[in-house]
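Right after this note come the structures.
The following pair of complexes shares a single chain, subunit A, combined with subunit B in the former and subunit C in the latter.
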Partner chain A sequence: MLRQETRDAGIAVLLGEGVRKAEERAARYDKAATWAVWSFAGVAIGILAFIIGTIFFRGITTALTPSFVFGKPQAIQAGGGIWPMIVSSFYLAFLTIAIVLPVGVGAAIYMSEFAKEGWITRLVRFGADSLSTVPSVVFGIFGMVIFVIYFGLGYSLLAGALTLTLLNIPTVMRTTEEAMAAVPHSYREASMGLGASRWETVKKIVLPSAMPGITTGTVLTVGRIVGESAAIIYTVGLFVRKIPTSPLQPAAPMAANIWHMYTEGALVSDWMRVANGEAAFLLIVVLVLNLLARLLAKVYQKKLGTKEAR
Partner chain B sequence: MTQGNVKLERSPYPYTGQVVIERAATQPNVCDARVKIELRNLGLYYENFKALEDINLHIMCNSITAIIGPSGCGKSTALRSLNRMNELIEGARVEGKVIMDGENIYERDYRVVRLRKRVGMVFQRPNPFPKSIYDNIAFGPRLFGVRERNILDCIIEESLRRAALWDEVKDKLRDSALTLSGGQQQRLCIARVLSVQPEVILLDEPCAALDPIATQRIEDLLSELKNEYTIVTVTHNMQQAARISDFTAFFMIENQGEPGRIVEFGETSKIFTNPDDERTEEYITGRFG
Partner chain C sequence: MKAIDREWIIKKVLLVLAMMTVLGIAMIIFFVVKESIPAFRQAGLSNLASSDWSPESGRYGMLVFFTGTLATSLGGLLLGAPLAIAAAVFLTQMAPRRVKTVVGRGIDLLAGVPSIVLGWLGLTVLVPWIRALTNSTGTGILAASILLAIMVIPTITAISKDALEAVPRSYREAALGMGATRWQTIRQVLLPAAKPGILVAVILGMGRAIGETMAVALVIGPATVFPKSLTSPTHTLTTKILIDMGESTGVQRSALFAMGLVLLLLAMGMILLIRLVTRRMQPVR
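Showing the complex of A and B:
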């Protein structure tokens, strides 16, 4: 009998009061959770906006002055420009990409298409993941010891590019691997079913399909290289004011130069203006590169006929 | 698409001897012997799991052989063993023989590339490459060194016509293949297979992802194509097997974890009207599976 009563009570709750309460509770929590996640997102955006705002506020007018962008740096007078630094940054990025792309993409092809899952692949992934957690200043010191001193490259763009290659191989490899893993297996089956070898399949089907991902990854890597300072202040140089003409020459890329200006740039009276202007310009470059990455991904997707991003 | 002067008698199964038929000059794909592919004691393992055991099957020239059976009985696996697509799966291992035109395709020095050119495959889900319609079909011929534009044009038109797709796409060959409907994509995949002049076409539930009208078109197409090719298709659809196939193989697993085996193989008319094995009858009449 007791059982019967308990059951009736349960049904009463389910048919009446209980449902209304549950609804109210759900609505309340839903609201609270929405507010919470919204404000966390707000904090993230707020911090970003604050940083970008501050840098632009301090340096945007300088950064957009042609005589500053295309001007020569000054050693002791005020009114210097940053053209050699801009050239150095892109020279360094170009050199690094030229080394890191073949190595990283090649490794990714091996990992995703040829390697059998086993201790080798696990070791490579573990190595890459470990490498990507090493602070960049450590790479800087390593690059100085190995490339600058031991290999005798001296402070040079090449030494910097090799150091940055070590720094960026893990990300290039992993983003490429992910892009290739996102290519449907059915494409590979179709290709090999027609008699294509594994390499032909990679070359003609997998790589073209993975191109949006690889391109985006590459452009973002350029952004990281241009923005990197710790790894290059020990390998490329700091206070060079010449436009570099060979990979074996030292140079002062923007990020390193900003650091130099702030720490020891007091020789020129307007060092603050130069550093802030350079920072704003660097930020613009990185933002443009990020937008370019998105744009390229869209263009490729259109070309491949896949409207939605995979 | 002439039928040529070759008439196939729909008779002797089990296969008893080599019946040599006249080779039509216009039809290089018509083979001399009645049996195109013979599976002899084929067994297949994935790692330690035995997926197929003791598969013996004769696949006749210029006919449609349907493989039916409940899910997980190894139908697709058996189909994929005919052009060694199972090798793409790590840990797959084959025992026994698959003899095509007198040669064991699992022989160590047998060329897989040539095999896959001769034995094309169409998959369950249409899988066109994210390229133009033209480039999809040109992919195979280009692999084998066809570069001249006018020859490629020819091959592409021919393949699309055979796949009954030409009229629908002739004005938009440069469009992405992914803009086509599911049924069109599947016919494109068939055209892509035809482009490399195969002898055998394997289809793994080619209509599973299609609506009834698209299915109807594919079925018509297959009935047309069997005049020139040997066709093997896996299907879940009993009516489809009964409608289009000449021979039917019924696969089954006795218990979970056991390998798939052939319960019965014979002419479709016999399997569907008067099967020898009562399990076949039960399956066909829908009592399980």
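Showing the complex of A and C:
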């Protein structure tokens, strides 16, 4: 009898001990995992800080002077600048935006305001999904075959812009659709209830309300275009001496010119300096565009917020 | 009547714009196939699928580059995916609000760093490090994998984060309420529930790694043979296309388009895989 009781008590103690141990282990794991995840996140941020820090530091200490930024490039001598490359980058970006924005926004309007779910929308989604997974170098050689050679545009800003239009349609479409999906349904119903047609509703109600999202998306797209290189090397060009003045002229966006400096580096003795400077300048442009996008979103939010409060 | 006509025209115009996506991908497939036909006709499939690339003697094998593409992207995923998923867990479950904004924005910014800039940094910083540490050229699969890891982190983090956020709050509360620690909740409840989404994130990361060109081109070598180690030069499909296209003609040029076709097929495979994964997770919802 007594022995039975002692045994039960013993088991209870052992069990309690086991549970306690398991709990302790769980707590230890929890602590270790928390620590590990924090340090992983730390590593990710550390990498970013290192990348930005190194590029900036090197760019600023070795290259970025006014005479470099605004200077003329040199093909065989040291001491060249990158002004035509900077202009090329932005020229290409604005030309691309001018084409991709109407197409992408139009497609998004169709998908979110006009289309009924069916085989057409499925087909369009499949097209957009496919375009967004095609590697950029494939866009590049496709653009070369069709725009540069077949349409006879030659290496030119226009050939590059058309190539980059295809590359960027999916993102412009997606950001626009997201912005339009955020517009409350009641707005549309109210507008159509007052007798406005679907298109009038889109033009006067949905698009203006979706503008902040579309603008932010556009600014970020500019950043992506300025940073793109593989798709433009065989469509736009790698090196120019003069600032391009027409869309039919070849140009040399910074991203492509860095590649040129690397592959044909031996031609100028200070090619590393030029590439360092361009890399730093590119990164600055991307950072500024990111900040601008965030700022615009904030400003719009405030504006819309106060309007609603009234 | 006139208003209706106008609406009809506008709708059709918008439809045409939407169809541009379909037209675009169709044209890309058409032209890449068309340009690669001479390679298939004159060199043949077994030639193209071999590992011998020596155009001067009529050998256009792409197996070395295909292997390079697989090796670098798997390496990138192996290094990058754990970091990215950890970052997503951190952002959704652990980070205090301030830290969350800083880390989240940092990772967004990482997505914006142009690949040529990252490649340039790889060439001038990473490659010399590897060279010093391993007593090799420093270029090759290891350097490319590290750069690709950095490039896939933003993609995988963003989508994994969405997947983790989509797990109903009640799951988490139930687990915590039963006395599970935070880590037990994350490992045994949240991650399994978010698994399909995380899988999609990893597949998309893989897609990005396979297609990446510039960053890899600067640190891969180049060489047209199988690498002897992780730190000896080789090539991937994208870098071979990029570097050779300018100077190629005839069958060689066509063989480069055939490599583009392989890349297209890989991309389409990714899409199908994602559709499969998302379809399988739908009934659960």
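Annotations for the structure displayed:
Criterion: the second predicted complex is superposed on the first by the 263 of 310 C-alpha atoms of A that agree within 3 Å, B and C clash if a C-alpha of one lies under 4 Å from a C-alpha of the other, contacts with A are read in each partner's own complex, and residues count from 1 in each chain.
Basically, a residue touches a chain if its C-beta (ideal position, glycine included) is under 8 Å from a C-beta of that chain, and two chains touch if they have at least 3 such contacts.
Note that the coordinates shown come from a computational prediction; the quantities given were computed from them, not determined experimentally.
Overlaying the two complexes via subunit A leaves subunit B and subunit C side by side, clear of any clash.
Comparing subunit B with subunit C, more residues of subunit A are touched by C. Of the two partner chains, subunit C is the only one touched by A:I233; subunit B is not. Contacts of A:S197 after superposition: both subunit B and subunit C are touched.
Judged by the touch definition given at the top, the superposed model places A:V274 against neither subunit B nor subunit C. In the superposed pair of complexes, A:V172 makes contact with neither subunit B nor subunit C.
In the superposition on chain A, A:A63 makes contact with neither subunit B nor subunit C. Once the two complexes are laid over each other on the shared chain, residue contacts for A:V145 go to subunit C alone; subunit B is not touched. Look at A:L287: by the touch rule set out above, it reaches subunit C but stays clear of subunit B.
After superposing the two complexes on chain A, the shortest C-alpha to C-alpha distance between subunit B and subunit C comes to 10 Å. Common to the subunit B and subunit C interfaces on subunit A are residues 197.
The residues of subunit C lying in touch with subunit A in their complex are 3, 6-7, 10-11, 13-15, 17-28, 31-32, 35, 82-84, 86-87, 89-91, 94-95, 102-103, 106-110, 112-118, 120-121, 123-125, 150, 153, 157, 180-184, 186-187, 207, 210-214, 217-218, 238, 241-242, 245-246, 256-257, 260, 263-264, 267-268, 270-271. Interface of subunit B with subunit A (complex): residues 83, 85, 88, 90, 113-114, 116-117, 120-121, 123, 125, 127-131, 139-140, 143-144, 175-179, 189, 192-193, 196. Residues 116-117, 184, 186-197, 200, 204-205, 208-209, 304-306 of subunit A are the ones touching subunit B in the complex. On the side of subunit A, the complex with subunit C involves touching residues 26-27, 29-30, 33-34, 36-38, 40-41, 43-45, 47-49, 51-52, 54-55, 58, 102-103, 106-107, 109-111, 114-115, 120, 123-124, 126-131, 133-142, 144-146, 166, 169-170, 173, 197-199, 220, 223-224, 226-230, 233-234, 255, 258-259, 262, 272, 275-276, 279, 282-283, 286-287, 289-290.
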